[in-house]
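The same chain A turns up in both complexes below, where it pairs with chain B and then with chain C.
Showing the complex of A and B:
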């Protein structure tokens, strides 16, 4: 590939590096050992197989949440119910695994399916309300996230709580429902494979099927789509349902893959990371994979720093916020001067007409 | 329910409605200028934090309030700059501000106090309450409307002032023109960007005051994510308010009353988790009813 085609990616990477340094450097300087902090943050995650595994484990749910966000944003819906859907999906999956009597081989699939359907309501309700009553899906989904949290806490406290567990936590998830670990020495589980397949499937759906084409058309130009006679409402509800199912499924595989009990007392924030993942990936399902891995790498670095130094891991949250802000900042990411600088062109006007002087 | 408990209920409802009213008025100002301030939640949180920290270190509640206003306005200005100068997406930048405020306040709280949860180790100040002369001496009415926090009165006085500003002053009318038809406003010589910049800054300042009320009045400490979605509820209140300041205030009071009912219900034997959903379900239902009514009116006028 030529340097020109890669220029936007290079600009993005350079800016990400600047963001990371702007946040981490002052934080590191508040400690006794700033060099150690930075070293741990940047290189710690690569130090052994377990940490590398942590990156993949953390990227798994955020990749799926990113996919959910990307599918909904692509169809023009600012539905932010992913956070609540992820939470309720995790809870619904654990509830189904604990309460439904099932043969061993059906435990995980049935629990995941039940959790996905239950959790998806957090995205579907705002989608349906938007499609049929034109209420702002943005506001309703933000509100429903809190409803999901408290309903989840209610179910946990009244139906799933193990009195012997000490803290507020569910009964142990049955062993047969837990997802198998697939890489020895790490906690990487089957869910990672499912997440990767989902991203590929999402790309095929968006770019190679009629349904995905409709969704993108409705998202990019709703009045044109309406003029063509596309069923706007159905497309909106379908996108919300897909997004909700995927985000809730992410919560389910997170629970069955990594946890032994459900004990989330607050919204875990994974859905919000998913928003950043999606935006960084430009709502492109295939780019979700590197994007989620990158943010997970920062998270693991932050965790390591938090564990070994007196630096709170919330610094990573600040990085996420800045990445989200800058990733959409067209003036920075698509700055013609920066792009030209990177691609090594002297002037935008001349290069098109002139043949390439040197090969790269 | 006897008369005195009614009076007490009204008093609590006014207190609970205060941050919603302030924040919703902030949302209104920016929305009328054509820029939706999703970041109001984060601006409230930052204001709550700044109020506690600055009042603890200066010993002055007033300086704490000033800091809350400043940080809110600064975040509003940052949002405007991100959108206008860096060409970032308005909604996503607002979300970024919320994420940054949640992470940033927790981070700073830990660096200052060594705790990630609450600021109770800081000797922060609270703003005073005001007894209304004469009215406050009346038996039940006094109990309901007198002796409130200074920012509660500020909130309910701010609503008519914002209404006057938006409908009766040249600046307010131009601000609405910017929101209604930016091209036309620009053609008439109005600097659209500058109006949106100051609208977002003002919106953030209102958010900052709302936050200061939470941490320097409602309670006297800062807690992690203590705004708990009140900024989002304020967004709903603004939508229900139909674009007018008084309507926005009334909607905020309706939603605040719903929250008050849920607070008073909490001792009543119902599972507290379910009761806690009320302040979030009511705005959703209210938006639904609002949208259905709007649709019916639109259909009637079309027929």
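Showing the complex of A and C:
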């Protein structure tokens, strides 16, 4: 029984392993030291505390962006505004920290809240347009990301730019607004704790509250939700608002946790990784945590290989692309034959060709 | 006769993997140069048979003869090669392309590697002149009326040099004058030598157009005759079948109460044809079952849409439980006491990928009984679901299983359990037992009778005349969006009596 429940996870893990090997092995073989490349890629990230810290730092914002995506996907909204919301959330947070006069203890919370509200518009607008005018939220949110970028660049250049910085960057974020580091020897900051709490909160919201239940109903069958008399539009806008707030909040904690100035001049891509994280986690908020950590581990391993060997860092991008392809290929991941095989359920053909299956 | 046959079906059977038998030993032939009608109720097998002829499906057994020789039609392309064209009920045109581009889609007129627009337009003009079907070759399809689009579909079929044209319910989308015009064109085509297979359940149209009719019922041929040899009664008996009035089980107490739902002169002219209604007058009293009969597209769906808050009435008044509900939302209707078993239980009645628990409490999830502070009390939800499962005898792998794990009958029982649990005063039962097993159907029938006994007003919409006559206290018949007959008692009523009204051959109200 428990084995049956675990089957999808096992299939996923096995397939991920195959993907990693398929990409990394040929890449490694082209170098002088194939064993070293593979070893660095697979075990390098665990070799010291700083690298482990890198994994957690990297997983923190993608976990939150994944949560934003998962909440919106669950309610049937393919809203890709997370990327723009993340960017604008970071900018809004820095702007609030720089421009609003605040007592020291309020600096971080107020800046984060302001950034979340400002950034969330990138998800909310497409959500409102979808709910009321039936526009495709996929298209509008995708395009709005670039609007967010250029609005952000304008604000950065004309209101926040520090002429002494020597590059296009904001004034320094006040020290009292920065999030405290919590693990010595790494840059892991308070935001990581907030991200973990948010994922747990997201799971409670989706599966234990009336609002989350309604979002799932609308997402899994809007006609049914309408038949029950649920307020479809309100549910959609609520999901978009929640998603936007979370993604923008992620941008804020990223800024206050790791940066001293705002200097993004292009969309940072964290929101896109969040989409991958959410798809890999099947939109399950609790699974976002391992899925974000796994993708961050791949990234850190790839960075290490890129720094130490003559291997293009794009190899990791290739792995990410394949992971995304296969994670979305329900035909593979949810293949009933594969699941049966893993869960050890017997069928005539299987027991014959795989006698070992009975030993388990 | 057989020697002159263009098409002959010989003992064609079709069974699907899940055990459904769509066709059983269907044999008949279609003579050359005539209009041959195929009639029957929904689900009688008309469409399946045409899909086989057009190569969209393969028969499980039996064979198809074309010109007396065995033909195997593996695909629509093969059908076209054999000279068979089909106009589907739902058009298959590209709205953003022009008429000419649509007609020659897939057989573009080229010069070199380019599509020759001039030549295409010229050929379409020639074609439409030859068959006397006037269309503007350069108009975009999206700008055309439905009737004009149908002409384009017919031209598209004719452009492939066909000798047999299949028309699947061609008049479903047309107004009466457009229908008349279509019939004139079809007669011209027949006179030009084309054989036409005309699929329709509207017997008036069959009589007006065809010379020969084949009637299917439950996948079998139950009648095959020249129309001249059949009178209206005989024809409608063939279509409606041998369903005779069944002995009515007596309800415990039948006391009809106060008016519950009242429609006065209600019209709604927007939406698909089956959703349009005009001048409806209907009052449903507490404690009675009002049956609504009619063929598909008669307006029953429009009535249900109005009474469940899915659509607002354009004119007239609707009152439910003393409140004006002319433009009430589904939420308004439900909070006033509506429960609704929808006709399409997959699309509207449930979320198949969600668990039994989720499906069983959906809609009631904001009730205090399921709350625990700000959260949902999952334990109570599971408990309530278990109660429903045992009370309604739902066979399931457990409350946490997805609804898709249940058979149709068991899923419908769970949906009914959810709807009935809301203690409604008014129930819409739309095809409540379609496609479910007899035991489950009998169970739901008893439940509904008991509900009526306790004062619930029930609107029963069903295409199953036995069910209609078993459950209803009185019956209205709808056709073309109007109520065309009312029977205030069902004593002595038989399907034969209802048939002509349902098919629009007669009208009393």
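Everything that follows uses one rule, which is that the second predicted complex is superposed on the first by the 344 of 360 C-alpha atoms of A that agree within 3 Å, B and C clash if a C-alpha of one lies under 4 Å from a C-alpha of the other, contacts with A are read in each partner's own complex, and residues count from 1 in each chain.
In this section, a contact is a pair of C-beta atoms (placed from the backbone, for glycine too) under 8 Å apart; a residue touches a chain by one contact, two chains touch by 3 or more.
The shown structure was predicted, so the numbers you read here are calculated from the model rather than taken from an experiment.
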Superposed partners chain B and chain C on chain A - clash or fit: clash
Partner chain(s) touched by A:216 [first = chain B, second = chain C, both, neither]: second
Touched partner set for A:318, first chain B, second chain C, both or neither: first
Which of chain B and chain C A:138 touches, first, second, both or neither: first
Partner chain(s) touched by A:326 [first = chain B, second = chain C, both, neither]: first
Touched partner set for A:226, first chain B, second chain C, both or neither: second
Contact breadth on chain A, by residue count: chain C or chain B: B
Touched partner set for A:30, first chain B, second chain C, both or neither: first
Chain A-facing residues of chain C, complex: 308-310, 329-335, 340, 342, 347-354, 358, 362-363, 365-366, 371, 374-376, 378
List of chain A residues in touch with chain C within their complex: 204, 207-210, 213-214, 216-217, 220-221, 223-224, 226-231
Contact set on chain B toward chain A in their complex: 38, 82, 85-89, 91-93, 95-97, 99-100, 102-104, 106-107, 110-111, 116, 225, 228-229, 232-233, 235-236, 239, 271, 273-274, 276-277, 280-281, 283-284, 287-288, 290-292, 294-295
Interfacial residue positions of chain A with respect to chain B in the complex: 27, 30, 78, 80, 129, 133-136, 138-140, 142-147, 150-151, 153-154, 157-158, 266, 272, 275-276, 279, 312, 314-318, 320-322, 324-326, 328-332
